[in-house]
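Both complexes below contain subunit A, partnered by subunit B and then by subunit C.
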Partner chain A sequence: MVLGTYKEALSARSTDKQIQKISQDGGIVTALLSFALDEKIIDGAVVAGPGKDMWKPVPQVAMTSDEVLAAAGTKYTLSPNVWTLKEAARQYGLEKIGTVSIPCQTMGIRKMQSYPFGVRFVADKIALILGIYCMENFPFESLRTFISEKMGVSPELVEKMDIGKGKFWVYTADETLSIPLKETHGYEQNGCNICLDYVAELADLSTGSVGSPEGWSTVLTRTDNGDSLFKQAVEAGIIETKPMADVKPGLGLLEKLSKEKKEKNQKTIDNRIAMGLPVPYKASTEKEDPLANY
Partner chain B sequence: MSETKVISPTSRQEGHAELVMEVDDEGIVTKGRYLSITPVRGLEKIVTGKAPETAPVICQRICGVCPIPHTLASVEAMDDSLGIEPPKAGKQLRELTLMAHHVNSHAIHQFLIAPDIVPEDLMVTAINSVSEIRKNAQYVVDMVAGEGIHPSDVRIGGMASNISELARKKLYTRLRALQPKVDEHVELIAGLVLDADFPAGLGVHNQPTIASDNLYGNRDFFDLDRFTEVMPESWYKDPEIGKKACSTIPLYDGVNVEVGPRARAVQFRGFKEKGVVAQHLARALEMKSALSRAIAILDELNTSAPANVGNFDIRGTSKLGIGAIEGPRGMDVHMAQVGENGKTEFYSALVPTTWNIPTMGPATEGFHHEYGPHVIRAYDPCLSCATHVIVIDDDDRNILKDDMVRL
Partner chain C sequence: MLARIKEFLGMETKPEAKNPEIKEVASEEEVEKVAEEKPKPKIGYIHLSGCTGDVISLTENYDILAPLLTEMVDIVYGQTLVDRWDIPEMDIALIEGSVCLQDEHSLKELKEVREKAGLVVAFGSCASTGCFTRYSRGGQQAQPSHESFVPIADVVKVDLSMPGCPPSPEIIAKTVVAVLNGDMDYLQPMMDLVGYTEACGCDLQLKVVNQALCIGCGTCAMSCPTRAVGMTDGRPEVNGDRCVKCGICYIQCPRSWWPMERIKKDTGL
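Presenting the complex of A and B:
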């Protein structure tokens, strides 16, 4: 269960040239949210939109595919999208809300749906959760610090950020810089060190670059909702797919990274529990499957 | 030989109260007294010494049935004390919230009096009608004020945010569609009230009515010099009752008054009737007025305009701010004073039913005591919420204990 429950794993990308140009990898989230909006499967989506500061996203309620497009691309700092779900249901009056979330946010939303305290008539309006893979997340100040101090470039000049091949990459107009991921350790949020979810196990559909070639994403369809949306999008020609078996590096890499995250963080959890600290997870000795996300 | 009939707690109302009636040989009430027995909770004291923003959050907890008027009266009192004039859209959204709440709250009351007026064969129809209306009205409060019960988005200086254009259109369409439903409902309730077996003249009294506004509320109406407050000990004469009563007795121009839908209808809509039937009718008819007003606001609302003044200085000048809001049950006045240190120095809430309490008891006089509860319910009394405890045996489902919690 290293990747959680899923129906199908595929390598996929958006067929839209514009999305391909501006999105992080395969443009799956952008393509699916736009498609869901156009097909009225959702009537709005909470996305990580551009904010006042470069690279500091602000949750935004997108009501058109243009607005979804404006929010394309990965931002390596947290966008508190869950915060805005209530506003989407209330002030925006949306009945079927879609959102994109990292694993911890996905867990939060699912918990909210199970125990709707303070979210009366909000939790039941969340119609689609697109999860993205996440190893760790940097507070904005961390990101700013290691980009400007360790990589020696002002964040304002950065056009794209990426994580891959064990390095953190930034692209400016005329150069490509990288530092080993080891150098970014210690800058992540503290909570990331006890997180057992790499692939948004509770989302309707999860996606991320790992496992697929450049410009493509690995998609895990999980729920009936997520699966049917994905199939419709493929049928409509919005998304093209390849079997995972045909691509390199393949699902094995995704499984390996997920396992590594779980094993490393379970150790931290065990250590914290041994020290008597409160941790919202079980110790490995208390679990049947040490890789399970609880 | 006179006898005393005591109903404690009175039922099908919010909170707990006691009705003490002295009756003659025929069972006719010769002296009626109604008193709150819900213990004082001291919310006004809790907010004293805290930041002004605390008051609306805490004071809306005065009630779970009509939290909207309390929130609005609280923010209006704070606005007044701090010298803030909310922008137009903020005021419109506040008014819209209250209009939807009037419709919702009146419908709740019709549910509470259903066993009194609705014949068995119409019970399901009447209750479904109430539910349908409440669902739609609460949807408006949810969207505009953030939460249907204790709204989070009514703020000092206006509202937390304006609604989107999509939401405005949605609400407009939904309320327009609700209009024929409400018309039908009001006709049903009015017909049932007129058909109910209430004796002519039941609940009629000669105390004045007061209302600050047709539907929303107006702080300029409330004249502090005309208002006095006496302790229950000096009002009820009977020392035992005076000691037991938990609310003070507010007087306007030195006399006890009636507030609520009938009072507003008398002051602003040329309504002349008195008594139980008149109160029920005025309440039902007001649902139509409130709904029309809500639709008119949605029609006019500019969703791109700011709904809040934005930043404001919480340091006050110790000015006594007044918020007077026409709650479903009557005029709700909150008074607040914010000092130079940015803390609430004084807070006081005069809630609708507190105004009605001294009038309600005597209104039962002259009729058989069996009609007493009907007179009380016609005021839709809402005493502060109380806690109930029921202990049920796990095995046989017997109720072992059914108590009101007294602290």
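Presenting the complex of A and C:
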């Protein structure tokens, strides 16, 4: 299945004006983590918080919805959130931890839950995983390089970054700049090129801009946990929704991009296997479903 | 191998596997259910060169420990657990600790256990990878000539490897339930890990980063029991002075091996 197992696909956005203003698209992650904190569904959340350098996030344990809000917005570089789950369980003593994670991070967490060889008393404390769609990720120096060298603007002046319509966009106080995504290719971390998961197939709920109009996000609810949280948030008026059938470009685009990522990266996997390099996944010839994430 | 485990535990006659979906630590109910239905395997616990942390971790399964010890298994051998000096026949031998090549008593016990046990489990990282005993150079009390400590798989054939410093209470509970249910799919990674005896934090660099597999997720750093692994610029950075060579960082890495089917079963996705 090209989008993984999910219960419901909806277009959605936060109804909170402040979240709408500062978050990436529909503000789903920010709204849901804040809601889950307020409702005591989670005790704290591991998020990609602001760090010392602009646009270089640091994993952070957010204990309040204000702290979640301060971490809103996508950072197109690495934030090893999984690392900080242990800190949330140990130093913070949290019993119900929420987190936002990209597909590979979700995979690390789920593997740890199924096989917690050396990880004591963390697996059962992961109460909520909000996954975000991810095509690839950039090391910070890559991001800095193409923003400052190719786009000609200092990262410190950038107020928002975005990927959409085949381009990488940056917004400063007074201008909007973009470069075609093919200009950023080759800057992504190489490990992304064997990843078979675009839509965080193992999260409790996945979200991202693709498929929905500007200012909205496409939400896939997956587990009972994710589905129930989302329904509660909608009921509480925190989030508003539209059926996917009513929005453009629609679920078809999400499916198309997911399929493209899987097919392209399966080729890289096959090439690596042909070269005798290690890969944790199977060759396409050994798979029943060529698009499956294994 | 599979047939052997099944044979030893009398699992050929087991009823249709009931999809043991253990999301967290196996619940008391589940354990009792298993206990009612399955024959009790005879288990021995053998303590070689380790710190006892692994068996302590087993006892940290508070909610299942009592039924585990009284209804699910027969502990037939073990220092401090059973008043018995000769090694009896047993289904499963849990071996904690590496084996010292200069210690003839340890070598003898290990070899004898291998003969008497159906399944030999390297229980904890000292037994499976050598862990911190890998640093030994001898010259310590009580016997200064004891300097060479190796994973038990260097000396005897090992069937399952359960690394961890210590293995978490959860993995122990999950493994016990899997063994009793004859859930061979769950145990497969532990059979595969038998060959992973030379572990080091530097595996993250050699086997993940050098191989273009790292995605900077941070799972390794979360898993490290001694906090030897940090993340710098999205890549693991290992402090060699803190690393105990347990192998857990590499074992937990989503890019070392990937148990998709099990995860789908556990999450229902």
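The working rule: the second predicted complex is superposed on the first by the 294 of 294 C-alpha atoms of A that agree within 3 Å, B and C clash if a C-alpha of one lies under 4 Å from a C-alpha of the other, contacts with A are read in each partner's own complex, and residues count from 1 in each chain.
Here is the rule we go by: a residue touches a chain if its C-beta (ideal position, glycine included) is under 8 Å from a C-beta of that chain, and two chains touch if they have at least 3 such contacts.
Computed from a prediction, not measured in an experiment: that's the story for all the values here.
When both complexes are superposed on subunit A, subunit B and subunit C occupy overlapping space and clash.
Of the two partner chains placed by the overlay, subunit B and subunit C both lie in contact with A:121.
Residue contacts after overlaying the shared chain place A:190 against subunit C, while subunit B stays out of touching range. In the superposed pair of complexes, A:93 makes contact with subunit B only, with no contact to subunit C.
Once the two complexes are laid over each other on the shared chain, residue contacts for A:294 go to subunit C alone; subunit B is not touched. By the touch criterion stated above, A:63 is placed in contact with subunit B alone, subunit C being left untouched. Between subunit B and subunit C, C touches the greater number of residues of subunit A. Only one segment of subunit C in 20-28, 56-64 or 110-118 runs into subunit B in the superposed model, and that segment is 110-118. Across the two superposed structures, the residue set of subunit A contacted by subunit B and also by subunit C is 86, 120-121.
Residues 142-144, 146-148, 153, 161-164, 166-167, 170-171 of subunit B are the ones touching subunit A in the complex. Across the complex, subunit A is touched by residues 23-25, 57, 125, 162-171, 174, 189, 207, 211-219, 221-225, 230-231, 233-234, 246, 248, 251-264, 266-269 of subunit C. Residues 61, 63, 86-87, 90-94, 120-121 of subunit A touch subunit B in their complex. Taken together, the subunit A residues at the contact with subunit C in this complex read 4-5, 59, 77-78, 80-86, 102, 104-105, 107-124, 137, 139-141, 189-195, 201-202, 222-224, 277-281, 292-294.
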